[in-house]
Amino acid sequence: MDPVILFFLLGLIAGLSRSELRLPPAIYELLSILLLLTIGLKGGVELAHQPLLGIFPKLLAVIVMGCVLPLLAFPVLRFFGRLSRADSASIAAHYGSVSVATYAVAVAFLNSRSIDFEAYMPVFLVILEIPAILVGILLARGISRDTKWGELSHELFLGKSIVLLIGGLLIGWMVGPEGIEPLKPLFFDLFKGVLALFLLEMGLIAASQTRTLKRHGAFIIAFALLIPVPFALIGSLLGCALGLSVGGITLLAVLAGSASYIAAPAALRVSVPEANPTLSLTASLGITFPFNIFFGIPLYYWFALTLHGQWS
Amino acid sequence: MDSHQRKLLTIIAEAVLEHQLTQMLDKLGASGYTISDARGRGSRGVRNADWASSGNIRIEVVCGEALAISIEDYLFKNYYNNYAIIAFLTDVAVMRPEKF
Amino acid sequence: MDSHQRKLLTIIAEAVLEHQLTQMLDKLGASGYTISDARGRGSRGVRNADWASSGNIRIEVVCGEALAISIEDYLFKNYYNNYAIIAFLTDVAVMRPEKF
Amino acid sequence: MDSHQRKLLTIIAEAVLEHQLTQMLDKLGASGYTISDARGRGSRGVRNADWASSGNIRIEVVCGEALAISIEDYLFKNYYNNYAIIAFLTDVAVMRPEKF
Amino acid sequence: MDPVILFFLLGLIAGLSRSELRLPPAIYELLSILLLLTIGLKGGVELAHQPLLGIFPKLLAVIVMGCVLPLLAFPVLRFFGRLSRADSASIAAHYGSVSVATYAVAVAFLNSRSIDFEAYMPVFLVILEIPAILVGILLARGISRDTKWGELSHELFLGKSIVLLIGGLLIGWMVGPEGIEPLKPLFFDLFKGVLALFLLEMGLIAASQTRTLKRHGAFIIAFALLIPVPFALIGSLLGCALGLSVGGITLLAVLAGSASYIAAPAALRVSVPEANPTLSLTASLGITFPFNIFFGIPLYYWFALTLHGQWS
Amino acid sequence: MDPVILFFLLGLIAGLSRSELRLPPAIYELLSILLLLTIGLKGGVELAHQPLLGIFPKLLAVIVMGCVLPLLAFPVLRFFGRLSRADSASIAAHYGSVSVATYAVAVAFLNSRSIDFEAYMPVFLVILEIPAILVGILLARGISRDTKWGELSHELFLGKSIVLLIGGLLIGWMVGPEGIEPLKPLFFDLFKGVLALFLLEMGLIAASQTRTLKRHGAFIIAFALLIPVPFALIGSLLGCALGLSVGGITLLAVLAGSASYIAAPAALRVSVPEANPTLSLTASLGITFPFNIFFGIPLYYWFALTLHGQWS
């Protein structure tokens, strides 16, 4: 198994056995800043080689997917799960949006198998964070005047992860491969180590989330385990249709099948406060994230292999 | 030196509200406020500050009774239903009444 | 809106006791508590939080008088002899008496 | 168990004063103090703790009324004019009067 | 002198002259987490090459040493130092247990001289943390029903250092030398730099400990200066008897001669609260730690050279 | 543009658009500790090659410059700006002293152009921090008995930046090029990455400073924009007179043209409390620092090229 996943396991086990191990919040912040910048910078440097015009239609298709996914999840939650409208909308928004950590683990997975992927995948990552959250808010409140769109768009477009990803992309794109050289030791060489520490902390957090699991009953567990697979399948089909490589298809599947736990919770807490935040966080962090990094990523890779083989 | 009666309003709320609450205090006319980071447990479960947004903040406002009550009313109308938040009021004595 | 009298019990104790003290509060029936990190000096010397276990924590509990007293008694019996710890009680007014 | 009246003096001041203020408390004879980090806004603007020296500290001293007043006087004479600093006094009850 | 020791000296001097230099506690945590994981990972990777069965008898011998050392220290403290039973037991537990930081400096010392040591030394490090603490608690309270053994064993076996060391060992052992490659830049290449920063902070902490020294009188100073040497000698004799290499003997001597300042204080604070915690911490951090890194390690290395020469 | 400057720009833009991006204070501390140690260590290692005696007269000349600069700034502030005596003296002290971050960016600028500079430049950096602060305090209060010289010199000579710079210099000088090898991955290889993150945070801080700008009126903005250039010219002339290389002249110009935002604020807050601290900080951090890293450094480099050409 990839060592970074073992670090997640270590955190999970330590957390479940109530070890006193804890990473200070400041360190968690540092690690996530480093990961976001690294993903952005790497993508930007790659993009520097390439004509950009061709990716716009693809971006559009990806945005459409970001809008459709929550619309698929919402009825499941509302009618099968009998959750309130606000809770259904909120969870749908989380699952339509994406998880940067899952993406990073998938990148590490592909790297260690020397599988390339399209340079613009980090752009997809950025782009996919937002539409599902907007759709989720609309699902919760309709096009109500109550929603403070100003505050919301501020929250969305100026949130930490968007700013660092886009910032990294632009810087990488501007300085190109030679310019980035002196930054490599911190941002590129340490990438896996930083990811390992980050996953250690994620394991601890996931463990603390599972403690609130029983309160929420079987439906939410089932949802969090089962919805990633069809979503990832949608992602890989779209990837195929867009003519992506095996690596690219895998990553788009991962994006579709993963659930946000940074951008979505923050935005929904402000815009749909009546939704219970622990419900969506427990599902996304406590179940879907571990599921994806242990089982999802290899499975979605297999989707990609199979589909890519079919088409070409 | 003389001392003057004022109220100390302490608000404990989820960290995500920091910006909104300070804006509200500015608008309602508080002469200042003090914030520190906290964690805790309440009716909405454990908030253990494992990462920034999972924690609480603790806001203190020294002010006159009227302002204290209108802040509490504002919290009641806008936050008590949906957010992890509590508030309580204490009597305090200050030396420079013109400041608060 | 009406306000109701409650007690605010503030405990300042060495950080190593956090787990034990919150368990105690749960057991004695506190409706919640708020914790923040602190440092300080007292009869047991300077506790300067240079590294985690050398610091203090500051626990606040809003509760009725009876519970406040039974917590203080518990502290007295179990901790005052051997640990760096103090506690004090303040009168506070709250808007939602059913919460505390 | 009996409880005894004391004063709780809370000082909020810019972080750069920590060393000076604790020395002052030692000199004036406080039996102890508790410090936590804070940020805030007041008449001297926003102090947002972006980096260490731009933040505030919050000092609490449990003591008798006389000492509380002499500390306030000292602050008044030495700090109120030029520094971002406030102080306020609360009544508290303690179980071990000999400690404070 | 090794540059990492100069960093300790810098911290010590800055602290003694009351400089305002301070590392934030979150950074101290990060550095210690990195050190513990590095030590574990390195050991684990080495162990991956080796048959494990042979080391069990050695582990047993080492555990016996961990139980004997506090039994030797206790009467000295109780009768020569006239300390209370609780204080004597607590200090004995600290000195029977081990200091990870001292171990790390000794590893750096051996590395810079290209001296190899047995791969299972980190296992000794883990193993030696605990028995002395248990013996110390028994010395303080007898086999009393009062002791909350549940809480205590939780504290001991799920403490930060044990979890990270064992976790690192297992991960290193599972992924082996190739698997660890991508983690090397963070965990291995930065090792000495991280150790240097950590020792800078240790210097500052040691300086603040020395301020409480005068309160405790001459006996505790003498004890903290004199006990490490015979303990280290016991360790090196055992190392010799177990047929360790010069590097291994040195490290076992260092483990025996060093005093815990993380695991032991935490466990004893909970289990023997009537012991004065500043007494043992001042001795261990303020005196024994500096003594060991300046004078102890070279001396114990010389023990190892001499003894190893005798035997072989 | 140098990527590290793009990071500053990213922070600045994020801050100005009120993004929620923030680096935890503990991380800011870590980064600044790393930068200070790196600058010190690098200088120390270089100095190890060299005879030290020759630099003493140069140090003297540099100290004189450090005393003269605030004397030039003071009347400008007092008579053109109509600022109070305390405020004028305080700002003069800030601008006579130096900014370590600006120096670090200039070093990165020279490195990326492979331009060497004298090994003792970090010594100049250390030396220049202090005299202007002393002169500023004298300007504010005369040689009054009120000034607590004891406390002040403690603040000055034992402040974080002095201790780490001097500590780094001494350690580097003692261990020399081979001894420093194992520390290189953390302190040297990561230098640019660490600087990039640090500048990201500086951008955020600078943005928050500009918010208080309007309160202080046009004079302070003009002062902060215009004074660096003549000061840097003085620095480069002195560099020329001392026979420095192009790199050395550039760095001395940068030191002269930059304004302190760590040592000076701390010392003046204690010694001249009636000066308004936000005034000098806004000027130094909010205007002069960005001006210098965007425009100043290339300009001062051009000064150096021109002057050096003239003379030789």
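Quick notes
A, B, C, D, E and F are the chain letters, set down in written order, and residue numbers restart from 1 in every chain.
What we mean here is this: contacts are C-beta pairs under 8 Å (C-beta built on N, C-alpha and C of every residue); 3 or more make two chains touch, one makes a residue touch a chain.
Every value quoted in this text rests on a predicted model; they were computed, and no experiment measured them.
Note on connectivity: the fewest steps through touching chains from chain D to chain F is 1. Listed by label, the chains touching chain C and chain F alike are D, E. Farthest chain from chain C, judged by C-alpha centroids: F. Compared on C-beta pairs in contact, C-E and B-C come out with B-C as the pair having more. Taking the CA centroid of chain D as reference, the farthest chain centroid is that of A.
Chain F has its Cα centroid 40 Å from the Cα centroid of chain B. Averaging Cα coordinates per chain places chain A and chain B 34 Å apart. Centre to centre, using the average C-alpha position, chain B and chain E are separated by 46 Å. In chain B, the residues that reach two or more other chains under the touch definition are 36-37, 90-91.
Shared interface positions of chain E, i.e. residues touching 2 or more other chains, are given as 20, 22, 24-26, 29-30, 185. Inter-chain contacts occur between A-B, A-E, A-F, B-C, B-D, C-D, C-E, D-F, E-F.
Against chain E, the residues of chain F that register as touching in their complex are 24-26, 29-30, 33, 154-155, 158-160, 163-164, 167, 170-171, 174-175, 179-180, 182-187. Listing the residues of chain C that touch chain B in their complex gives 1, 3, 6, 8, 22, 26, 31-37, 60, 62, 90-96, 99-100.
By the touch criterion given at the top, residues 10, 12, 36-43, 56, 58, 69, 72-73, 76, 80, 86-91 of chain B touch chain C in their complex. By the touch criterion given at the top, residues 1-3, 6-7, 10, 14, 17-27, 30, 108, 111-112, 185, 189-194, 196-197 of chain A touch chain E in their complex.
Chain contact summary for the complex, chain E toward chain C: residues 22, 25, 28-29, 201, 204-205, 208, 212, 265-266, 269-270, 273-274, 278.
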